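Per-chain residue numbering starts at 1, and chain names A, B, C and D are given in the order in which the chains are listed.
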Amino acid sequence: MASGLRVSNLSLKYGGVSALCGLSMDLAPGEVIGLIGPNGSGKTSFLNLVTGFEFPTEGAIFFEGQELTGKSAQSIARKGIARTFQNLQVFSRLSVYENMRAGCHRCSKPSSSFWQFKAARNAEKERILSLLDCFSLADMALDTPEALTLVQLRQLDLARALASEPKLILLDEPAAGMTPYETDQLAKTLQDHVLNGRSAIIIEHKIDFIAALAKRTFVLSAGRAIADGPTDEVLCDKDVRRIYLGECG
Amino acid sequence: MMLKLEGMSKHFGGVKAVDDVSLTMNEGEIFGLIGPNGSGKSTTINLITGLYAPTSGTVSLEGRDLTALAQHERTALGVARTFQNIRLFGNLSVAENLWVAQNGHKQRRQHFISRWFKAGGLQDTNIDELLRFSRLHSKKDSLASALSFGEMRRLEMARALASNPKVLLLDEPAAGASIEDGQLLGERIRAVRDRGVSILLIEHMMELVMGITDRMAVLNFGRKIAEGTPSDIQSNPDVRAAYLGTKNKNKEPADA
Amino acid sequence: MDVYTITVLANIALFSFLAISAWLLLLVGEISFGQQAYFAIGAYTGGVSTAVLQLPFGIALLMAIAAGGLFAGLVAIPAMRLSGLHFSIASLAFAELVRSVLNVFQYQRWVDGYLTGPDGVNGFRDIRWIYDAGIDPGTYFLMILGCLSVVMLGVVMASYGRGMTIVRSVGENRRLAAAQGMNATRVRIITASVAGAIAALGGTLYAHMATYIEPAQFGLMIGVHSLAYGLIGGMGTVFGPLLGVLIDIGALETLRIFSGYRMIFFGGLVALVLIMRPRGILDEATVAKVQRWLRG
Amino acid sequence: MVDFIQNTLDGIALGSAYALLALGFTLIFGVMGRLNIAYGPCIMIGVFAGAGVYSDLTQSIVMIFVATLAGTILASAYVERVSFAAIRADAALASMVSTFAVWMQLEEIVAHLFPARTYAFKELGHLSLIEAGPFFLRQESLFMLLVTLAVLLGLALVLGRSHFGLELRALTDSRRAAIISGINVRRIIFLTFLLAAMIGGVAGFMIAMSDGQVTPKFGLWATMKGLVAMVIGGLASLRGAVLGGMLLGIIEAQAQWYFGASVREILVYAILFAALILLPRGILGGPHTVWRS
């Protein structure tokens, strides 16, 4: 398992409150995992730990055999781990195109002459436009994000994460605020353009969405993993349903 | 009726965070408001307390229109809230925290001199009673920042009660609590209701919401998709779809 | 053109260096009240190079740029750990520190029978390179304009590449920029250093035009003005700070009706723009609109 | 050693003036999280008003004091409206820049109304020295110390005993919790500005009396001293402000004695820069600001 993401015994405490308690997870290259659980169960904290936004109180994180624990957010991003955000994060003062450019860090190489620079820039431009095309955002390339709808903003966040050509992508509620139709569309786009061979962790409340994309699912509750296994089995679990809908029996 | 929202909408740019929501809460009721993340619950609370001005619609308390009032004026009329992330005055003592909330809105009514030189004593039967009710009496003089997590939650609710509210808005009071704590919390919320305060409860811990609310409403995409008693809601197919993403026609995994 | 017009135009160009310098730091998210420190460092370095050390003007320019960039970088390394208010106060403290050091700084040598060089509070006289080289004011103005064009071209080139995108992203949201793989600290330090170098370039050009400089010229209000130029003109484009300079020096200082009340008008204008348009007249949204319109 | 102790004594007297200026900054920073850079220039307006009354109208010390206080309060109220109340709550730095803009206006106004620049202010009367062994204390130093102590006592009463003080402390602690507790935040902020202006007015009056004259440089001087003292002591800590003021006064007096005036200036700014980097929270500003007296 040296080549995927390996997380062992990860804990995060704020003062006396545990956001995450001894979570362990192995992710093979190319594998897609769903991560579900009620609010405050530690899903976003987990993502923050993996991407270096926060540092664990205990435990370690490895990616492709290298330890990531304690590394800064930018060096983790440069190793090929990209993420999206539950509360939308875009650069509101940059145009859509520039937002994409901001994400292009892993593919820009230093160029020695102006012509080489120009060629690199044109290649970057083509790549960005084709990515924007996948998410039907190409028409909006010169707009500032203020002009975009919520769904388009979510797509921009996703497209920007892809611009760095990451090996592992972490999606934090990518379908939040989308209608069932939009959610289906997003699932298709993800299937076609994002997840082909790339490993991913998807946090989402919409279980159909998880079921369509992830073969394996983790359930978190109060910072602990209470279930882990093939998605369809996990979703039939009684405890899981009780926590989601307050069902009894 | 106690609290009434009529046709409330709040749009942020192109995003309809709350879209044409109407709710009516009766006096002495515990009313639950649930919905998936991003469905507009917090925005609704912020519209009621006045942090946001609505794009359209009105909110009224006991028939009095609140829509144009500032936050502190609404507090004076009887709207109080707690926060999902606790917000206390960490460098004031427990008693001072309550004192601020009890008197914050009363200035104009009290005599100038007595108002200026009363805070030193902090002898007030209401506050004493509230401290006992919240089991914080022994901590009266310690700094709020020195309390334990559970005590902070209790103090936050006590502070909301100190302003003598008619309606108390609880924003995910069980966040970060275990299931056992949740049951205790349910009893406390009932005890608060028995003091004559109507309660609007936003919560994700379904057991808690289903267990103690009289009626509840469900939001999704900023719209109200259902309203009724907890058992109505539990059997409502739209609600199941919103929560589990399961389309009505599909086989329910739980039936397996 | 008469000498008065040339002086006004040259002043506009010289202040533009300071304004662009402060504007660059605004883009990377920090408010600096202290860019006049690098202006002063540039003025003194350039002046000493030509007047005392008798070096060629080109070398003097390079030395000033290097000194400004070096000092700004050295200050930025510790100061960029701070942010917001702390950074602003630190920039102010450093600028006043430089000024009080210049008040006691003495480095005088006999050159061609004259005692020349910085003499503390008494200032630094006879930076005579323009006269010695026989350059008339019009030509010198063109030289200033040339340097300014190079600086602006540099900014435009940086927006053609990824440079300005990086600076702006770090300025807007450091955590999000880090998630895109940018080293926010390094970006901030490099930007501060470049801004210092630009201010120093302006400073040395100023010193050679004025021929006399003294520490009191590099007071706090100069720094505040140069910051205000960017804020008024707008953050969206490098022409924003230029617009700010034009409004203040081009209009308020030269028009008779404002004479004696310039500060009251300018102060009021700054306060008003901050209330109405927090990101200036040519802000990012306006620039995006204009670009779209230009491209049809 | 005798010199050192004598310098410290002088420094404490000077430092008490700095402490008052730092308190004004700290009160405003506490409730708003923003700096009022125009604080010094506002006091300058006050002392010029006092000087104007002194030269044209009356010798009465009470009237001069009232004019100084009124001028400071009026200018502060203007700053509060333009640079704070009118600017969005999340734009702290815009407020700071705006106070600079107002500063430009205030300086120009003074330049128009008082074209001679330097004006006489009522002096503190006959100066005698109080001697104790090898040490002596100037009467003006004693006066500064006593006034500062009186102001501190009054401030402690207002903050600790009055309801306004409790609300001010609550607002300093958490803005959102304060709003939800029914505090009228805008009103408390305005009152805090007036309170800070009163402290500044007293400080300005006291300093102008001991100098016997006022100049337009007073604004920059007062702002820089107050700012340095506040930063050394710790942002938003009242005890820190007093301590920072005293420390600054002592450091200045020692540096002046041993190295001279120009090195003193360099040292002050070097200390400010170093303090910001090494102790960004100041001496007394812990992770939680220290308000309790």
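List of remarks:
Here, contacts are C-beta pairs under 8 Å (C-beta built on N, C-alpha and C of every residue); 3 or more make two chains touch, one makes a residue touch a chain.
These numbers were taken from a predicted model, which means no experiment stands behind them.
Common neighbours of chain C and chain D, by the contact definition above: there are none. Taking each chain's centre as the mean of its C-alpha atoms, the one that lies farthest from the centre of chain C is B.
If you average the CA atoms of chain A and of chain D, the two centres end up 51 Å from each other. Chain geometry summary: the mean Cα position of chain B and that of chain D are 42 Å apart. Between the Cα centres of chain A and chain B there is a gap of 32 Å. Within chain A, residues 146 each touch two or more of the remaining chains.
By the contact rule set out at the top, the touching chain pairs are A-B, A-C, B-D, C-D. Chain C meets chain D in the complex at residues 31, 33, 78-79, 81-82, 84-86, 88-90, 92-94, 96-97, 100-101, 103-104, 120, 220-221, 224, 227-228, 231, 260-264, 266-271, 274-275, 278. For chain D in complex with chain C, the residues that touch the partner chain are 35, 82-83, 86-88, 91-94, 96-98, 100-105, 107-109, 112, 220, 224, 227-228, 231, 235, 262-263, 265-266, 269-270, 272-273, 276-277, 280. If you check the complex, the residues on chain C that touch chain A are 160-162, 165-166, 168-169, 172-173, 175-184, 235, 279, 284-285, 288, 291-292, 295. By the touch criterion stated above, chain B contacts chain D in their complex at residues 49, 70-72, 75-76, 80-81, 83, 87-92, 96-97, 99-101, 103-105, 107, 115-120, 145, 159-160, 162-163. In the complex of the two chains, the chain B residues touching chain A come out as 13-15, 36-38, 148-149, 172, 175-176, 178-179, 204-207, 209-210, 221, 234, 240-241, 243-247, 250, 253-254, 256.
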